[in-house]
Structure formats: structure tokens, C-alpha cells
Amino acid sequence: MKPDSTWRAFITPFVLLTGPGTIFISITLLLPLLTIVMFSFWRTESYELYADWNLDNYRVLFGEAAYRTFLIRSVVSAALTSLICLVLAWPVAYYIARHGGRYRLLLVLLLAAPFFTGVILRIAALQGILGPGGLINMTLGLAGFAPIKLLMYTQFAATIGHIYLYIPFMVTAIYLSLVNFDFALLDTAKINGAGPFRAFAEVTWPLNWIGTSIGTVLVFIPCLASTITPRFLGGPNATSFGMSLSQQFGETGTWALGSAMSVVMFIFSFLVIAIMSLTIDLRRSGFTGVGK
Amino acid sequence: MSTHDDTVSLSLQDICKQFGPVKAVDGVNLDIRQDEFFALLGPSGSGKTTLLRIIAGLEHPTSGRVMVGGQDVTYMPPYHRRIGMVFQNFLLFPHKTVAENIVFPLRMQNIAKAQRGERLSWAIHLLRLEGLEARYPHELSGGQQQRVSLARGLISRPALLLLDEPLANLDRELRAEMEIEIRRYQKELKIPFIYVTHNQEEALTMSDRIAVMRNGVFEQVGHRTEVYQKPATAFVAGFVGQSNQMEGKADTVNGSLLAFTWKGTKLVVPHAGDVKAGDPLRFMIKHEDVQVEVASKKSAIPASHNHLPGKLRDIIFKGQTVNYLIDLEGGMEIVASGSPRDMKLSVGDLVFAFWPQEAGASFRL
Amino acid sequence: MAGLLNLLYIFLYAPIFYVIYASFSQDIVWPFPPAFTMQAYVDLAGNSLYSDALINSLIIGLGSGIISTAIATAGVIGILRYPSKRRTLIIVIFLSPLFVAELLIGISSLAFNARILGLPGNIFSAIAANAVEGVAFSFLIILSQLVRYDWQMDEAAMVFGARPVRCFWEITLPTIWPSLLGAFLISFILAFNNLEISFYNLGAIPTLPSVAWGSLRFGLGPELFALAALTNGFVFLIFAVMYVLMRTGLVKFGYRGK
């Protein structure tokens, strides 16, 4: 018989198939995030959380110089890392997409694979090269040179670490966009008088903006939240926002403050996403073949 | 509850299907009998495939009922209806062998293994697929794939078989062969076939009855010769067969005939029910109904026939037929079609195009 | 540009190769001239903390992989087979975890589990939290492959009597399984090697990454190198499998019956 009651009409195959995922993500992602928002307005005392609703945590965050420093340091570092990754990744992705031929998949997989070994082991490996006992400095030492201060326990080293960790994301995102880009458009531009730089700026870049912005977001967000890299590669002056945040949930037990920090970090991430998606709406572009 | 006529296999009652603002099917009624080969003919976008999918159960109509064997199956899911289907893209399962593909419907109906083997042999023999049982679809030619598809559709002896433009992807020779074969299967097995196509030649060759469909409605339903010779609307006249057309205003109506003036010449043509004196009309006549005679032999033309003078501009030889392209003095081109055996004319001859008064059909514009 | 590509490869892989090389050396700080030993691996295998951690990581990886793949597959089939106006919304929901930092996922799960649900650190919440990230990755992988599948095949099967579940089992799954396997492998690796998400959810339960983290705090040790070498080898093995799958699997994909 015809399913005419609204309840039965609601349970379509679409709902049955996408429902579990939606519910799962809501429960495991959304609810916990909301919990954190809630806690950010509470108070911790002696390792216990109390539900007195207040704004103290935020006052502390923005009031005390230390936290402000951490935040600014992390935001700047993330922005810088994103920029450098962008500059480095574009030529690489372009080369693979345009000239990779049969080996395109292989080349991209080779770039993506290191990411999956996990952040700790990758940083450990980097330390093996960069650190005071690492390859570079030991070699220099044996050859009679002083170790490069810059490479040990500095913000510089941490940034190198961030690039090392997240550049595969940027390359993959741009590559996926370029794979659906019609390179013949460049020929058209050149025939119409555009030099290579002009062609890039007017044709390639705008049409692949979605890939660029997704890559930027995928690099910026983990960078902002990073804890391991600054801890092991950065020095005492490189405490990041993420490190401080995790301390609140670890050593100091001040969950309320930590929650406030999480909220602030999430807002920053969200801002970046919002800015990027706004710019996407304003331009026509094709990503994975779906034009606007 | 209306009484069910046992000879009616499929009954469509007031079927409507709406996709948003678009009416794909708009009020279709149809009864199909057990022994019929029925063609659904129409241009793309006419709604014929939608209608077929509604019969198969892949879509639900917005309103109306579908009855198979007297049972209301309108909302029954496709896997419960005992219907077979043959698709334009064959849609054979690529990871299964020919035998596994054919036997699939029987497995889904949980038919016992022994019986399955029997039926499989029957289907393979019927479609002449011996020796191909272990092959995979991508190893077969287009024609072989289509036969496997047919075997799969027929093996469960369904209540009816739906065919969705099955020959569209085959080359012309194969198509001609398959047209005759498919009709033979239908007659042998006595299962009603519903055949969707945009190719009127296929429809005419294979079917008993044809429904011509446009914009979601049936313009005409009838026996194939009737649809061909007595088109009910201008669209049907133009879509089925090849026609010439002339437009003018009706002068007088005289029973089953009416007179109208076309560029100064008076023509007498069959009268369609709703044309009155003074109405604008379109007259359509099939190419093969128009005959040609050399101007000097005008006396050979019966006086009561319509005749128009003109010059033979070109002769197109099509193998089985010859088309004469005539530039009429009235300023239009008319095509007359004939057999190659009577080819006596030359390009440039002054000729008359003529036809009897009962030939062709007129329609109100 | 080719030069830059090569530089990037060197940049990414030099540390890895060095670590692998050093893990076999007698002196890991200055492994020259080359002198090889398996001592680091022997120590690693004998260390019970590592073997406990390995088992936990495996469990988390498997659990997360299975859940992610199942949920993502259902989601992809839902939006591709049954087009709906809500399609974009569902895609956004399924991909949202990609845009939340792992640290946040870990911490928020911890907060939620500890305070709201009242659960202590346990392996199930770690699996669930990892699965969230896994669902997003799996969704992306399966979606990119499944857009080429011809759903009319399923319709044909339905007409011939296959109910939806049977149709999936007989027709859809045999064709799409390589992409499901690929998604599973990726989710597995991510969860297996994950630190930030699992750490906060587990309390004292060790995983390979968290043990590695603990070890790193005391400086680089030979066991760490050995672990890194093994993990890299493992990841690359899986990627090799996936590459082969994608190369051959692609041939069978979106097979449009021609």
C-alpha cells in the first residue's frame, strides 16, 4: 500500500543509509565539541569542574600576556607554514598533474604515504636529522664546524617540522584540483597573448582556487593545534597554543581554561574555513568536475 | 472492484507521473493482452521510458494504478513483480558468466537447483547461446550480449517482458535480424512484450499494436497498420512513415471528404472529424501514396485524382525504393516514392504528382 | 619543477631512510662507518610495553577501520544511488571531521566521556573517536571511486527479483570491494598510528604512538628507531597493496556493461 503517513515516508533508503553516519558523527564529534563549549564557561578548582557559569576563562586567556603570546605565535606560525607549503606545493602538484603521465598516481601516493606513519615517529625521524645529535649537526661537528643553532630547538626548526608534516596534504589537494583542470585552456590564453605568468595568474590559479583553499585549510588547522612538533623541535621559547592547551587537560587539570582555549582555537579554524569558502562562492571554478 | 478480464495481462489506469513541475506522464490508460507484442513509440522526452519504469516498479506513479494479471502492483517493489526486462545497455553483470547471468532471476526466486539447470538449457537453446555459457560479458559481441540479456529476461517465464530500446546499440544488419527474432520469441512463448523505441521502423516491423506517445500522452493507440495508414493527429502522421504536408483553409465539407484550395488548385482530401469550413488545416500524405506521371501523359491520370504540375528536380535511389523530388509549380517540394521497377523518368522532366482523394489525412491546425 | 619535486621527495624521505639505516647500526648517534646489528629490533621485540602497545594499536586500528568503512560505504551509496536535495548537507557532515584538529577531537571526546558519560579512559571511546576521522577519509576515498559505478545494474538486479540487501551482496559489493578495502586500509593506518586522538581517550592504556612519545621524551633511542623503521615499512607495504588494487581495480570499476 502507498506509504502515505509522513513517518513511513521519511524512512527512505537515503535516510537509512546516511542516517547512521550522521548520527555517529553528531554523537562523537558534535556533542563532545558542544561539551567543551559548555565547560569553557565553567570553573575548575582543585582538579574539579564546577558549573558556575562565568567568563573568567576568557578573561584570563585574553588578559594574560602568556596566553596571548602563545595564541599569536601559533596563528603566525600556522599562517607562515601554510604560505610556505603553498609556494612549495604548487609547482610540485603542477608538475605531477601535467607531466606525470602514467606515473601520476604513484608519484602522489609516494608523497602522501609518509603522512600515515604518525606524527611521533615522523618528528623523531626529523630529530634524527635536525637535532643536536642529528645527522646534520654531527656531520658539521666532525668536520670542525659549529652546529647550526637555528636547527636546534627553535621556532625555525618547528616550522620546518610543520612543513614536513603537512605538505603532503597541500600537494594532494592542489593535485586533485589540477587533475580536473583542462590544460588546453592555457594554450588558449597563450594564443591570445598571455605570457606564462599572466596565464597562470589569470587562468590556472583562479580555476584551481578550490584546491588551493582546501589545501590551505588542511595545513592551517593542524598547525594551529600542533603540540608535538613545537615540543620536540621548538625550544623553550616556542611553546605553542596547542601545547598550553593540552597542559590544561593534563598536568594542571584546569579543564575550564583548557575548554576556553579549545573554543578560541576552534573559532580561529572556523574563521579560516569561512573566509576560504566565501572566496570560493565568489568565483567559478571546477573541483573534481563539479562546476558552480 | 472491477471484474478482471483474463486475457488482459497489464492494465494501466490513469497513470500520471510528475517530476517537480514536469509532467512526464499525463493520464495514460492502456490494456495489454496476453498474446500481444505492444510497441511504445515516441521521441525522446515523450515519457515512454518513464512509463516503462513505472510498469517495472522502478518508479511509483504520482497517481493511477498498475494492474498485472488482475493484481494491483502499483506500489509493489520490482523484485516481487514477476516481470522480465531487457535494457538498451544490456546491463549484464560483468563479474558473472553468461550462465550465471541468465540464471540470476531463478536464483533470486529461490528456485531449486535441478530446475534451474533445466530452464538454463532451455534458455540457452532458445537464444542459440550454446558454447558461450562460461564466457564473461566483455568477451561477447554486442549481438551476443543482447541475446544473453533476452535469455535472462525470459528464463523465469515472466508475466510480461519489458524491452527498453534494446536494439539501439546494435549495428543495422544485426538490428534487422534481431527485429524478426524478437517477434518470433514473443509469438512462440505467448508472453506479452512491451517494446519501447523511438524508431518507427522497428515498431512497425515487430508489433501488433502501437501507442504513439508525445509529451506524456498517447496521441494514438491502435493496430500498426491503422496507426500507419490512418494517423489520428498531425504528429502521428509526421512521426510514423514519411509524409509530405500542405497547409491551407478548408472550403467545403462533403461527408467523408473536404475540399480546400492549395495555392490556386482545388484539392479534395479525407475529412477529419473536427475540421469545419473556414478552418485552417494541414494535409499530410505519405511519400509512397504520391504517384508521378510525365506531363505529356496527363490523360493517364484518373480525373477524380488530385494532381499538381511540377518539374522533377532529382531522383534518389534508395535500393528498395526510389524517391522523386518534385518542385511543384505552387512553389513547394513534394516527394513521391515508388518501386525501382517503374523507373521511367529523368531529371528535368515536366511531371504531375497525383493521388486518389481517399489518400492521406487532414488535420485542423 | 621536476627539480623541486625531487627535492621534496628527498626532504620527505631522507629522515625516513636515515632512520631505517640507523636502526640497523651499532651506534645510532653516529652510524658511520656502517656497522650493522639487529640489537635494536631484538630489544624492541623483548620489551613488553611495546608488545602490549602493539596489540592495543592493532585493536584500535581494526575497530576504527571497520566502523569507518561500514559507515562511509553506507553514506556514499546513500547519496549516489538515491539522489536527494540533502545531498550537499550530507557530504558536508561526513567530511566535517577533516576540518577539526585531531587535538580537539581527542580533548573533546575526553571531556565528553569523562564528565558527561562518566566513563574512564577505555579503548572503545578511542576506537569511536578515531572512527570519526576515519569516516571522513573513507568517505572521500569511496566516493571518488564510486561515482563511476553504474547504478542501473542494481536496478536490473531488482527487476530480476533481488531484494536490496541481496542486490548489494551479489552485484554491488563484488564490483566495489577494492575501494572499500582501500578505505579500510587508510582508516586502519590512521587509527593505528594516531597519537592525539587516542591519547586523551585512553588514560593509561598504551598504544604504540603513545609509548613512542614517552620514549622520545627521554631522547632518541635505538628502539625508537627500530619502531620507526618497522612502522614505515608497514605503511609502505599497505600503500603498495593499495596501489596495486587501484591499478587493477580501476579496470573493473564503473563497468558500464560494454
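All chains are identified by letter, namely A, B and C, in their written order; residue positions are counted from 1 within each chain.
Rule of thumb we're sticking to: a contact is a pair of C-beta atoms (placed from the backbone, for glycine too) under 8 Å apart; a residue touches a chain by one contact, two chains touch by 3 or more.
Remember, predicted model here, so these are calculated numbers, not experimental data.
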Exercise. Specify the chain most distant from chain B by Cα centroid.
Key: A
Quiz item: Per-chain C-alpha centres versus the global one: which chain is nearest?
Solution: C
Quiz item: Approximately how many whole Å separate the CA-defined centres of chain A and chain C?
Solution: 18
Quiz item: chain A to chain B: how many Å between their CA centres?
Solution: 61
Self-check item: Euclidean distance of C-alpha centroids - chain B vs chain C, Å
Solution: 56
Practice problem: Provide the residue numbers of chain C that touch chain B in the complex, in ascending order. | Solution: 150, 152-153, 155-163, 166, 170-171, 174-175, 252, 255-258
Exercise. State the interface residues of chain B toward chain C in the complex, per the touch definition above.
Key: 56-58, 77-79, 81, 83-85, 87, 89-95, 104-105, 108-109, 137-138, 145, 152, 156
Quiz item: Which of the residues in chain C come into contact with chain A in the complex?
Solution: 1-2, 4-5, 8-9, 11-16, 18-19, 22, 29-30, 67, 71-72, 74-75, 77-79, 81-82, 84, 86, 90, 93-94, 96-105, 107-113, 115-116, 128-129, 131-132, 135, 139, 144, 164, 186, 189-190, 192-196, 200, 209, 212-213, 216, 219-220, 224-225, 227-228, 231-232, 235-236, 239, 242-243, 246-247
Exercise. Could you please specify the touching residues of chain A with respect to chain C in the complex?
Key: 12-14, 16-18, 20-22, 24-25, 28-29, 31-33, 35-36, 39, 49, 88, 91-92, 94-96, 99, 105-107, 109-111, 113-114, 116-129, 131, 133, 135, 138, 142, 164, 167-168, 171, 217-218, 221-222, 224-228, 232, 242, 245-246, 249, 255, 258-259, 262, 265-266, 269, 273, 288
